[in-house]
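Once you've had a glance at the structure underneath, I'll fire off some questions.
Should a chain be cited, it is by its letter among A, B, C, D, E, F, G and H, assigned in written order, with residues numbered from 1 in that chain.
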């Protein structure tokens, strides 16, 4: 009764409602995931603590937990044979990986092939240029970066495919919890970039998946 | 010499460099547009004053000026017969139209069919629901809204297509020049939304065009 | 001596002074609640920890504790038979419930009938429209929402009754501790909405109660 | 076609759609007011320039213009004989009067009796206490204040009726365009206060009117 | 060697350097206090943890600790017989007392008579007016308030003596860690008010002491 | 009727109400100054345009206008023979002089002897040290500085008298309209400093005058 | 008397005091430049209007005006034959040129060879890489960029020489007057970068000059 | 695979990539440091917890840990005999020492002689002037200060050498995590100052080292 699950969402938007665990009690999360798992083949819960997962697993034994990106996943779809299009998930640094994995696993769960290229920040531009081929052939790109968030602009200027930029809260001081990267990405002078919330790997994965499935 | 035009951009990204006129002198704008018009079939200059256009027209007589969105356009492409996919450009209010037109004309110049639905803000939700059909059948959606920017969330929850949200600076007081709508759109609980800079109709039109051309 | 209780308040404003526990010591809270309970039939203390309640219960045994909204309540009024007017408390998500309960319990303690409709955020607008009847018949509405806070605008456009909007700090990143929802609600283009502080369920409940008792 | 007027609003909410003129062209304003005036007895347009009014008057000769609050008003209702309940509109300073008049005229147009008490800021508290009677007998109160916005808290503690607080942008320096008063009002330790946007006299007048008509 | 104590300060400014403990190690605090206590009759250390005090007491046995305001004090001055002028320290709420005590104890240590009037916030203005006499006869006033900080303005308008306003971080939500009260106090329309940093009881006590000693 | 002049203020606080002209119409200013000048020997109006002064002079011929600080002054007191105590008004740069003059003239009008030392910013510390004598002998100090506002800290560490710090909006970029200097002054590690609003020369002059008259 | 010129500065720091014209009257600027020109071979005045220059030229006929960067320059040094080290001044876009010229002319006036490379923003990274040689051989680099300010990071990662980053206010919306570029540059993950104020070409030129003269 | 180490950096920029430990797992840090230590004579890891160091030491036994600045260092260079140029690292207070040590140890590891002068904040300007000699003879200066950050301006005006300013988060209230010092330093009216991120001792040490090695 505390949650009005949007069971219609899978029909309306192609994927069931995703659970945002932060601010919910352990019991609420467990109950919601259970109810979703009764009706859907895929379930995704983000920002879940380990303790939440323990409670979920008791009710939904085939659920999995990804520790770094803090995701609970139920995936009962048979393996989809995706074509050769892939979503490329890139990070500027190693510390951005948890957010990148949230995006990547979200996209995979939604039936996309995902390629990862991590730790290619612009302070060593050759690392990025060395990935030229893999960047050019991506169908959709997710660029995850904290600190000054410059990677999005450089990648945005290299491709003719859509770039989803994800600012992260990695950094300190005048980073102001990701604000620096967020503003940088919003002000990118490269066109073909759009931005999601700070640390919102899920949102980027979802958006990229929708675009990647367009024919 | 003051401008290193990125003449390679049309090849690399499918459309020539777009001129950002704000902060440039009238002479700089005129020279840059002229040089771009020598090499390209389409030229776009954003945030152009009428005075800038007067100077451009002397050098590039077939250029056009759109007063509301302050765009200078050169378009020598023969009419492209687009298929039945369209980009839907929506606004919450009448005051958001200049930004919406910047997006719409950008997308049209890049070869897209564009449909406009203006003034359907959420404070009268029936106006929005009355457009249900046209919303469902859009291939990509651009949602332009100032004030509280809520339209993006409602539309984002209705479709399974990508939504590009454009916050505008329309409003006053605690709107803080578009910040209110920007934050609202970034925090949207609907997935499948990504955001561009405040008043950045051009960026939204470009992003939507890239996505709309994916096959 | 550390607290000058405003014992006159019940006469002046119809309800005794409410204790804001945050920033007070356990002893201060216990003493203040005890002194208020000596003179009043109803006592309310907000943002109280469990430890504070333990200390209060020793002095005021008929006090109750609501864990989610962190309220200490003393209620010695005989059950008031309210007429059929009700205050409707709505939330956009499940995570907003603690704040909503603070509002609802405050209003109930002040003699109002309260109806709860939780988890009807705008990303699935049909959930909201399904509650059309219950929304239309409410006498006063409290809309509790975090993230982009869009629910207030949509509800505000549906009714001709006053809407009290409560932004919550639910969210992350560019939510900035509830700022996003606060700004959205202040900038609502629906008229008939007024806003209280972030997470201020108590303030909303009090305001709604005052309005609901107007004849 | 640029404006989808919400002609249903008068039925749904008891008053037709109000025109927000800022950011609209003179022609748009004139056309919208004309179309509204064809169907409604009352029309209100806010933040209108004198030039806009000139254009409106040509199409709607019985429209009036209030220069200080920048309102265009059409009022064809026969004088409603209101009972003795009144909305009290107060200001802290003389510079807050334009916003206060926006609120007062809005409320009057919606059929309320309005009493004005201006320039009673808290730096001379006796000026406020001298109005004790008129404050106590008000049915709803609108408190308009810039600078530190303290008037709302003091008035809020004196009455058992709802207080709508309107921060204004009057001030300078660390006032930050009304932010200081806005934050003060949101953080008021008096209960029974709710806040509208900076300089939003209209919103306060509308909210007060809804409440004042409750029986 | 890590600290260049300003031993000249007692001569130059009438009171030895005061230790700001936050961000220092326990050992640093203990050493600095010891060195100051060797040369001075009074020593004051602010924002000191209990653990710091334990370390200090071992080296300076006649030091005292005030838990609520977190002060370490050494006071070897013989009792000064102050004249009848007093500094009045007022708070709006009970939660503001720790900051107020920091101010009061600072002023007492510097040889001032201090009177305390706590919990007289403006939401119950009669509580404040009841203190009229004690307010009028104060020589300097320190007003400590969180939330909307309105007390400073009201008091500032009642007296012809200097008012030092201290915003506190008491509050939540749009209080933003004391910003709301700070801005309110800076924008006070009462003249004769100056402001110190958020939660800076020490600074207020020092400033008041300097003024109170003027002849 | 639009202004409730606080005629009691001269008795209560030793100086009549001061007119804040910004946001008032020319007529309002003229009327208010006239009414004040009928009852008081001194009148002060701040932030007055030249046009406002023209209107005032017609009604109050013995009023004077100071163009740089934009003050209208009426001064009919016979010259007060002040003792040798003086308020020292200092600025960091030449651009801060208008605000400094607002403070100085305010203080002079209130019967204080004022000494001016301008353009002694800390980037050339010898300029400041060269004024050592005049600084040491001041009774109260007003330090006016924009940009980084460092002058207040250095002066604050040199004297045992109260320092009123006035941040100015002089600067650009990350100065954010005076915010940089304001924050610097609030965070000064010198004790004996209190701060008024950005550009509030009047407030500083008033505060300094009150202190300077203490015996 | 309004200005205490720091005539010692040329000796202490190798270049006379530079005049910041904003906020000064035309007369003040003219007088200050005249006095500086009497004693120094070089004079520099920043943020000067054309009208200010007219007044200066009457007093100092050999002064020059640079319109774009708004500089007044007096340069009576005989041409210094600099060695082959140069300061490289780069911009991301054409609109950043005025700030870049302020930096370049400042550095030239202080005896440095300056090379300019404008309009090589990262959205077309090949434009930047094409300048590889000229970048590698610079002795000090000044990187001027608005919008997302990413150029500083990319250049910072290419060289082993110091980079002075200058954010500009070029952009709009969530650029917030240069804040986006400023934060990006401060958070650069490339080491060897330091930042000056938004639009502070002068400061960058001065800093680069000091470094470039180190032997 | 999670980290693409920039092994080319030592060649390109004279020092290997530095590890930013915050946001990385203990295992990631250990692996990265190990891999860097295999190829380089010097390794530096910043913001490392003690636990991280324990893991590193198992793999790289000759690594050292500096607890206050939280640095892991590997240094296998034979002692470089630096000439008599030194980098001067100064702090305003004792609480700024951890950041200052991060800068100093970084610079030492990169082959510079470093002199430390701590706790010479401007509130006791004689402490600073007493260091006149050591300040004048420094080749590059790093000024580390929290609170109001004024030390940078005063030092900047005393020398003709480059000053790297490091704001720290030391302070409270309106310090806003170092923002106050950051803005002050960016707005310094002394020329020859450039700024790095809040608490970024590493960046300052690196920048100073590059400059100090210029010949």
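Operating definition for what follows: a residue touches a chain if its C-beta (ideal position, glycine included) is under 8 Å from a C-beta of that chain, and two chains touch if they have at least 3 such contacts.
Here the structure is a predicted model, which means the values were calculated and not measured.
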Label-sorted list of chains bordering both chain B and chain E is C, D
With contacts counted as defined, which of the two, B-G or E-F, has more C-beta pairs across the interface?
E-F
Just curious, how far off is chain F from chain A if you go by their C-alpha centres, in Å?
56
Chain-centre distance (mean CA atoms) for chain A and chain D, in whole Å, is 45
Two or more other chains touching the same residue: where does that happen in chain B?
12, 20, 93, 123-124, 157-158, 173-176, 179, 182, 186-187, 189, 191, 197-198
Which chain pairs here would you call touching?
A-B, A-C, A-G, A-H, B-C, B-D, B-G, C-D, C-E, D-E, D-F, E-F, E-H, F-G, F-H, G-H
Tell me, which parts of chain F touch chain H in their complex?
92-93, 121-125, 147-150, 153-154, 156-158, 171, 173-176, 179-181, 183-191
In the complex, the residues of chain C that touch chain E are 1-4, 6, 8-9, 12, 17, 20, 22-25, 28, 32, 47, 167, 169, 177-179, 182, 197-200
As the complex stands, chain B meets chain A at residues 12-14, 18, 20, 139, 157-162, 164, 182, 186-187, 189, 191-198, 202-204, 206-207, 210-211, 214-215
Chain G residues touching chain B - in the complex, by the definition given at the top
68, 93-97, 118-120, 123-124, 126-127, 146, 170, 172-176
